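Down below is the structure, laid out as structure tokens.
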Amino acid sequence: MDKNKIRKLLEEVRKGNKSIKEALTVLENLPFIDLGFAKIDSHRELRMDAPEAIYCTNKTPAQIMRIIEKMKNDSNIIATRVPEKSLKKIKKTYPEAKIYPESNLVFIGKFPKKTIGKVTIITAGTSDIPVARESEITARSMGMEVEVIFDVGVSGIHRVLNIRNKLKKSDIAIVIAGMEGALPSVVAGLVDTPIIAVPTSVGYGASFKGIAPLLTMLNSCAPGISVMNIDNGYSAGFFAAAVIKKIRKKETE
Amino acid sequence: MDKNKIRKLLEEVRKGNKSIKEALTVLENLPFIDLGFAKIDSHRELRMDAPEAIYCTNKTPAQIMRIIEKMKNDSNIIATRVPEKSLKKIKKTYPEAKIYPESNLVFIGKFPKKTIGKVTIITAGTSDIPVARESEITARSMGMEVEVIFDVGVSGIHRVLNIRNKLKKSDIAIVIAGMEGALPSVVAGLVDTPIIAVPTSVGYGASFKGIAPLLTMLNSCAPGISVMNIDNGYSAGFFAAAVIKKIRKKETE
Amino acid sequence: MDKNKIRKLLEEVRKGNKSIKEALTVLENLPFIDLGFAKIDSHRELRMDAPEAIYCTNKTPAQIMRIIEKMKNDSNIIATRVPEKSLKKIKKTYPEAKIYPESNLVFIGKFPKKTIGKVTIITAGTSDIPVARESEITARSMGMEVEVIFDVGVSGIHRVLNIRNKLKKSDIAIVIAGMEGALPSVVAGLVDTPIIAVPTSVGYGASFKGIAPLLTMLNSCAPGISVMNIDNGYSAGFFAAAVIKKIRKKETE
Amino acid sequence: MDKNKIRKLLEEVRKGNKSIKEALTVLENLPFIDLGFAKIDSHRELRMDAPEAIYCTNKTPAQIMRIIEKMKNDSNIIATRVPEKSLKKIKKTYPEAKIYPESNLVFIGKFPKKTIGKVTIITAGTSDIPVARESEITARSMGMEVEVIFDVGVSGIHRVLNIRNKLKKSDIAIVIAGMEGALPSVVAGLVDTPIIAVPTSVGYGASFKGIAPLLTMLNSCAPGISVMNIDNGYSAGFFAAAVIKKIRKKETE
Amino acid sequence: MDKNKIRKLLEEVRKGNKSIKEALTVLENLPFIDLGFAKIDSHRELRMDAPEAIYCTNKTPAQIMRIIEKMKNDSNIIATRVPEKSLKKIKKTYPEAKIYPESNLVFIGKFPKKTIGKVTIITAGTSDIPVARESEITARSMGMEVEVIFDVGVSGIHRVLNIRNKLKKSDIAIVIAGMEGALPSVVAGLVDTPIIAVPTSVGYGASFKGIAPLLTMLNSCAPGISVMNIDNGYSAGFFAAAVIKKIRKKETE
Amino acid sequence: MDKNKIRKLLEEVRKGNKSIKEALTVLENLPFIDLGFAKIDSHRELRMDAPEAIYCTNKTPAQIMRIIEKMKNDSNIIATRVPEKSLKKIKKTYPEAKIYPESNLVFIGKFPKKTIGKVTIITAGTSDIPVARESEITARSMGMEVEVIFDVGVSGIHRVLNIRNKLKKSDIAIVIAGMEGALPSVVAGLVDTPIIAVPTSVGYGASFKGIAPLLTMLNSCAPGISVMNIDNGYSAGFFAAAVIKKIRKKETE
Amino acid sequence: MDKNKIRKLLEEVRKGNKSIKEALTVLENLPFIDLGFAKIDSHRELRMDAPEAIYCTNKTPAQIMRIIEKMKNDSNIIATRVPEKSLKKIKKTYPEAKIYPESNLVFIGKFPKKTIGKVTIITAGTSDIPVARESEITARSMGMEVEVIFDVGVSGIHRVLNIRNKLKKSDIAIVIAGMEGALPSVVAGLVDTPIIAVPTSVGYGASFKGIAPLLTMLNSCAPGISVMNIDNGYSAGFFAAAVIKKIRKKETE
Amino acid sequence: MDKNKIRKLLEEVRKGNKSIKEALTVLENLPFIDLGFAKIDSHRELRMDAPEAIYCTNKTPAQIMRIIEKMKNDSNIIATRVPEKSLKKIKKTYPEAKIYPESNLVFIGKFPKKTIGKVTIITAGTSDIPVARESEITARSMGMEVEVIFDVGVSGIHRVLNIRNKLKKSDIAIVIAGMEGALPSVVAGLVDTPIIAVPTSVGYGASFKGIAPLLTMLNSCAPGISVMNIDNGYSAGFFAAAVIKKIRKKETE
């Protein structure tokens, strides 16, 4: 299309229907989106089978409903941190929507049937489940096979040892922990699977709403760990899937 | 081997050479390393062609020299944050060592000839080069093809646009920035290559020795970014290589 | 007026109607406002066509209503962070008031018809709109032509490129962003329009209620950026208008 | 030039020397700098009579000398935070360079003779002078008339009152303060001149290397204040000059 | 009394009614309160005409009512940070109580008629009034003459100049400010009256619930300022009164 | 049991009922819990007479009830930070449960009749009682004799001196304080009883929800103090009991 | 004098020697210093027998010597935080100067012979002595009798009890402590002497260069404590003396 | 002795050599040390076989030498953080002193031959050794049998598993770790030995000189962990020994 637009312009120039000066002006001011550059960007997520993500904090129900409505035909949709009121509205308007109330999460669309990678998600505690759900749904919506294992705390190391095999068979592991956030360090010492660590705001006192596990993860003495923002399950799932897709895709080019 | 050890024990039990009580004691106290569990761990890096890494801060020249001596035959070696004095000693003792004085980095060994993935490293400024070097050497030592591009600051966005193609052709990108650390966000908006972001302590005043870019990267509005500790070029290179290896390896299983 | 007051005093002295001692006492104790000094201050905002600003946090409805009542005849009024209850009271008492509920903002008065400068306001996300509104209303009330453009996030750089021309034609740009706050850096790299950056508390986790974008903006590697307090849309609008007025006014002196 | 490049391409197309397909390829991949877009950026500072700025922290003398050498013919040069050793080298190589050792600042070039605006810089203390010098040289190099007034501390308010007239006659004021940083608030209460506030790291204990004055300035109860990074005299001077230029230039368009 | 107790013991020893060993045991284990030491402490506040202070946060209505009941006969009572529910209960039970709902403050008792010092309290804004009230009531209950002046912000310096005389005639001044907290510095530059500075949590964004004004006050470039905890009006009033009492009392010894 | 499991396996091997290969597989994959290793862990608390602890924040009533139900037969149960709603449900379902509403604490089970150590718990203020209760119940459930003394603030040092003897007779003391948290330092200067210090979030302003007392306790100039997380009464009680048990147990081995 | 100046002006007006317009101009622009307002300020310290204080950090020896030279005839001089090099220069130029090298402190002048108040200074440790010296010299130079008592740590409470009488006989006490900074709380519980608390940067780890004792002092549960900036012995001495002078002076008015 | 002093006084009273009034005065003013109270305190460490500890930061060689000289006959001496220069002086003056240069630690005296408890110290890395040495020497000097095991990092969990038995046989374990500080959590999950966790300043970037491991340890999801100040090996050793002594001593009473 854009290419066509430029091609037509060039044809006009060749035919003499458009002066060089006129063409120059057009080309100079060509919105970058018409060069194909922006499209790649605005469609990037769709082409990657990533759902369009709507971050709903501070958005009114009306705004959220309008965005969903506009996007719904072109893309799967994932809506994170959806306020209670909007959750209800979505449920009513889109009965087919998958709603995960403990995560204030909504998914509208279909998970790809063919998966192209394996992601294992483990949480240190029961309270980290809502964050894990965000990672799970995001990764699944991008074509990943996902297994989620809850409550694998460091204080009972055998629980970690127990799932070593599952972790080793995954392309990537997402490790989610609040409080002191030591789980990723321990896991990284047990398997060669790269780890995406997500600190959560679970805890109290000197956990400072997730600062403690965030620092723990950033300072891990084990390499092979990369870190996400506090409670950012969505980005962890996205990054895991994006890495696998990118590398697998290049494989098959 | 470990398996053998247990097998032999079981055979002794069957033959009646070992009482059940004796066997029980052995099995109960079996060092976990003998179950194959620990060995995998202690040799993990070697098997991944990752150099053994020595973090040299607070280590005396004597300690560093002894560690290198002990490891040298079994593994490539990467030594990070090597104090000036130890750098000189290494240079003298191991003339073949590759020394990167601006990064206080030493590599002893050989980079694999056959590469199995492509990593592009970009820095926002000239002052971020030492960190980039750590990433580069680590990733190369683990079998990656690495290209490093310096001084691609956000304040001249065209410099970023200019290297879009290179980035798109990489399996993974390492983006290194100090000061405000906005570069990863911008790059993530331009390409679908997953990004490992490394904040650096370059800057002054309210950059707080890297806290500012660290927060920027953690809070990026663009998904597909994972974050490393401040100035931790080594882990970025390791993680990039580990991810590619893990996924490629599974590919070919 | 003040001058007149002093002039009259001097005339009384000359005429002998007032003893020197009496005059001395008056002059010594003259409230500084009578020397012209204070008036400039207390009337500064009015003379600049700036609305009187009432910061309403922690003020009771009664207090707010009394302040508005007292000020209303002399000045346009802008009331920021107005609690819900007071919003309603104002609406009822002053039906002509312009009320922006999403910003808890009230404007009572008239926008100057003749504008003397152009301010463009852009926000990184939809959630930053309430802050932008504060800037907009303040700048308009001080005689600025204002255009507001929402949701120009860094993660889709083409959206920024797209509005380059608008920004270049403005006297000053206000750039509002939460999360990682990278937008001002990027914009500053594209246009020569000076930028007033406003961090917002939009975000979660390590955005620490606006600290992350605040630090990003303070540390921007691009010069030509000045920074406001978190969520302080009012001051950004005021500063933009004040700068244009001051410089334009001197122009025409 | 760039325009010419495209014009020539179009002429080739018209003449039939270049196929439409060939032209299409060129235009599609045209480095953005060739569209005039990037050039504007890379020459932005020069066209504004701003000196090219080199931030010298962490740069070796060799790197600094090379950058100066390369830039020197095209532009005035300002080098900030120049380490002692490099200062000496510059002095020797460029005897014409203006060197301000207390600021570790170098200026090579000529200040514009014709000034187009007036900037007054005041510091709260003697120790803030190095930061003020950065602002002064930067603003002067961009065509500003600059007056610098030192040691106008808040604890002797009359010193501030004393310079009210000078401040009122300026287009913009740069107010530099460490310790508690209250000076900008006080000045903003006295004059209608917009203020660029620069916190400095002068102080000890709970000034936390500039955090205290930074917070003071961001939270000023007086509007009309915008804030720079700690010790960032350069950006303050740049911003002041950029604002005046932008608005004056539009004036005369 | 305590003295008596020991005297009696000694008399018993002299009379031979108590063996030396017995006396020794008593003296060794004598509760320190019996030495007169502790009594001084537990009655300190009462003897200074300071009301017994009850800090009510986290106390149940029942607990608060019981403490008041127990103390009421021996002392004036000041209760700070009284939760709404307890306020009502106190009002009902003690109709004579003075209740300041905006400060969640209760005073039960009588202010001394004869005052022995003069304290002036000024606040930077209207929102600081609740804190000022705590200081006022506390100081008055300890025998001070108190004048409170509201809304003397730094941004209108003439308002400060206007009350210079009042401040100069006070023994001590309490200066209360939120936001940037610059008022104490300015006042200290105008009068020789020592200043007790109280930062308040009034403000938003980078005022960090009072950290900004706290730092400002601690770092004041003007000597003669001492600082209280954020929002601690009670301690400011207490300290002001205690200082005056101590020095006046010694005077008259 | 686990030992038995392995013993049976070995017996099967000896008898020839199980092939060595089969046994090998079992042993290799033996959940570590079956080696005795994990059991120690999962049963550790029970064997120590410690109640199973359920941290209830972010858990739904349903989750909490299910956990209690599952655990109830095997162990005493302590549930901390139980939300109001769940408290009620527990009360209804388990009428025998001991409920401490001010601490949101539940204990189900029986305190050991025979105590094996003495723990004294003191709090600086009345508001610290809820934290003290957590320590008390935990320590008692682990077989400790516990005495709790409230409101022993530093500002009345004689109250501390008064209980010196009680403290000296304890094996260990738990000292709980908010605000400035100086009490542990003072107590450590008076007795040779080791102190477990627990900072609480009691306070306001610059106590920063417990950071102030936490830092005070960590920096105590008196040795013999160890520190717990803010408000973590549970761990203090656990640690006190665990230390006494461990040392007493070894005694009697 | 100033009064005279205005009186003369008024006389000129009356005589008709000065036109009203001329007089108006003078009065309008009258430097505030001429109204008596500023003089009070610039001479405040001198009149209070306070030495002129020079804060020497970041000042060159030349600057320091020039300031001393200019001030020396009019005032006692106290120079704080004098760098080594300047200390030597002062010693050489002013052999009469009192130099306290451990505090980098210089006093030039004479302590008043007649003292008008009593200040006791106590430090928690030996390392706090340099800060105490600043307080001592400042207070003595302002006419105070000063006693300094070192090393009265909280961990040996009897050392504190031992000096209770001395403290009670003082008008005010300055209590200086690093590490956990609990000493002021304890002292305030023992005597009715108001306390000026000075946190010091003595300590390590979580004392964070004085933040820990600063927070401790701000949050003290004992009223009657006011706080200074970290290591600010000078201001503590100044405030103590200023308070006593102000109140004693009013006494004798 | 003190007892004797009082006994003699009582005898004088009985004999009538001292009037009751005289005796009263003496007893009232009796330094608390004479009541036995203070002695307990000042001799506490000695009686516990704890060496007198001298914290040497900020102390001059002269001061340190004088303190050692004065203490040497009465007690073992441990000097921590001894500056290089003082280390040399001590070495020369006291050739028998044990000097641990990597810890800047000195011990003068004799370790008790008979040990009464077992402490195991483990460090996560080689760089934590200096801190461990402080713990070791302190605990040994107080009569503990101490075993130190270095470099038991979490990233190789088998190294931890390997020493489980040693840990289980200890009365108490000191676990020392920098970087992310996860080791204590892991150890606490493996053994029932109570753990004293010491964070160290080893690390860089977001470890913030020990804040990261400090927070990790405070937030540990495993109970049975108590925490010391950053790098405070001395206190860890002291606390471990004090706990064991206290409990063992009571045992044998």
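Residue numbering begins at 1 within each chain, and the chains themselves are lettered A, B, C, D, E, F, G and H in the order written.
Rule of thumb we're sticking to: a contact is a pair of C-beta atoms (placed from the backbone, for glycine too) under 8 Å apart; a residue touches a chain by one contact, two chains touch by 3 or more.
Everything numeric in this text was worked out from a predicted model, so none of it was measured.
K.L.:
Counting one step for each move to a touching chain, how far apart are chain F and chain G?
P.N.:
Steps on the shortest route: 1.
K.L.:
Please give the intersection of the contact partners of chain C with those of chain G.
P.N.:
In this structure, the chains that contact chain G and also chain C are D, E.
K.L.:
Among the listed pairs B-D, C-G or D-E, choose the one whose interface is a repeat of F-G, with over half of the contact pairs the same by residue number.
P.N.:
So the equivalent interface, with over half the same contact pairs, is D-E.
K.L.:
Is the contact between copies chain F and chain H built from the same residues on both sides or from different ones, judged by whether over half of the numbers are shared?
P.N.:
Comparing the two copies, chain F and chain H contact each other through largely the same residue numbers, since over half are shared.
K.L.:
Looking at CA centres, what chain is most distant from chain B?
P.N.:
Of all the other chains, the one whose centre lies farthest from chain B is E.
K.L.:
Select the chain at the greatest separation from chain F, using centres from the mean of Cα atoms.
P.N.:
Of all chains, D has its centre farthest from that of chain F.
K.L.:
Please state whether D-E or B-F has more C-beta contact pairs across its interface.
P.N.:
If we tally the C-beta pairs in contact for D-E and B-F, the bigger total goes to D-E.
K.L.:
Express in whole angstrom the distance between the two chain centres, defined as the mean CA positions of chain D and chain H.
P.N.:
Going by mean C-alpha positions, chain D sits 55 Å from chain H.
K.L.:
Please report how many Å separate the Cα centroid of chain E from that of chain G, as a whole number.
P.N.:
Centres of chain E and chain G (C-alpha means) sit 24 Å apart.
K.L.:
Let me have the rounded angstrom distance from the C-alpha centre of chain B over to the C-alpha centre of chain E, please.
P.N.:
Measuring from centre to centre gives 58 Å for this pair.
K.L.:
Round to the nearest whole Å and give the separation of the Cα centres of chain E and chain F.
P.N.:
39
K.L.:
Counting only residues that touch at least two other chains, what does the list for chain E look like?
P.N.:
37, 41, 125, 156-157, 161, 189-190, 205-207, 211, 214, 218-219, 229-230
K.L.:
Which pairs of chains touch each other?
P.N.:
A-B, A-C, A-D, A-F, A-H, B-C, B-D, B-F, B-H, C-D, C-E, C-G, D-E, D-G, E-F, E-G, E-H, F-G, F-H, G-H
K.L.:
Chain G touches which residues of chain E in the complex?
P.N.:
Touch list, chain E to chain G: 37, 41, 44, 47-48, 53, 117-118, 161, 164, 171-172, 189-190, 192-194, 196, 214, 218-219, 223-230, 234-235, 238-239, 242-244, 246-248, 250-251.
K.L.:
Which residues, counting only chain C, touch chain G once they are in their complex?
P.N.:
It comes out as residues 3, 6-7, 10-11, 13-14, 16, 20, 23-24, 27-28, 35-36.
K.L.:
Quick one: in the complex, what on chain D touches chain G?
P.N.:
Of all residues in chain D, those touching chain G are 102, 125-127, 156-159, 161-162, 165, 202, 204-207.
K.L.:
In the complex of these two chains, what residues of chain A are touching chain H?
P.N.:
124-125, 153-157, 161, 179-182, 185-186, 188-190, 203, 205-208, 211-213, 215-222
K.L.:
Quick one: which bits of chain B touch chain H in the complex? Just the residue numbers, please.
P.N.:
Touching chain H: residues 29, 31-33, 37-38, 41-42, 55, 57-60, 63, 81, 199, 201, 210-211, 214, 229-232 of chain B.
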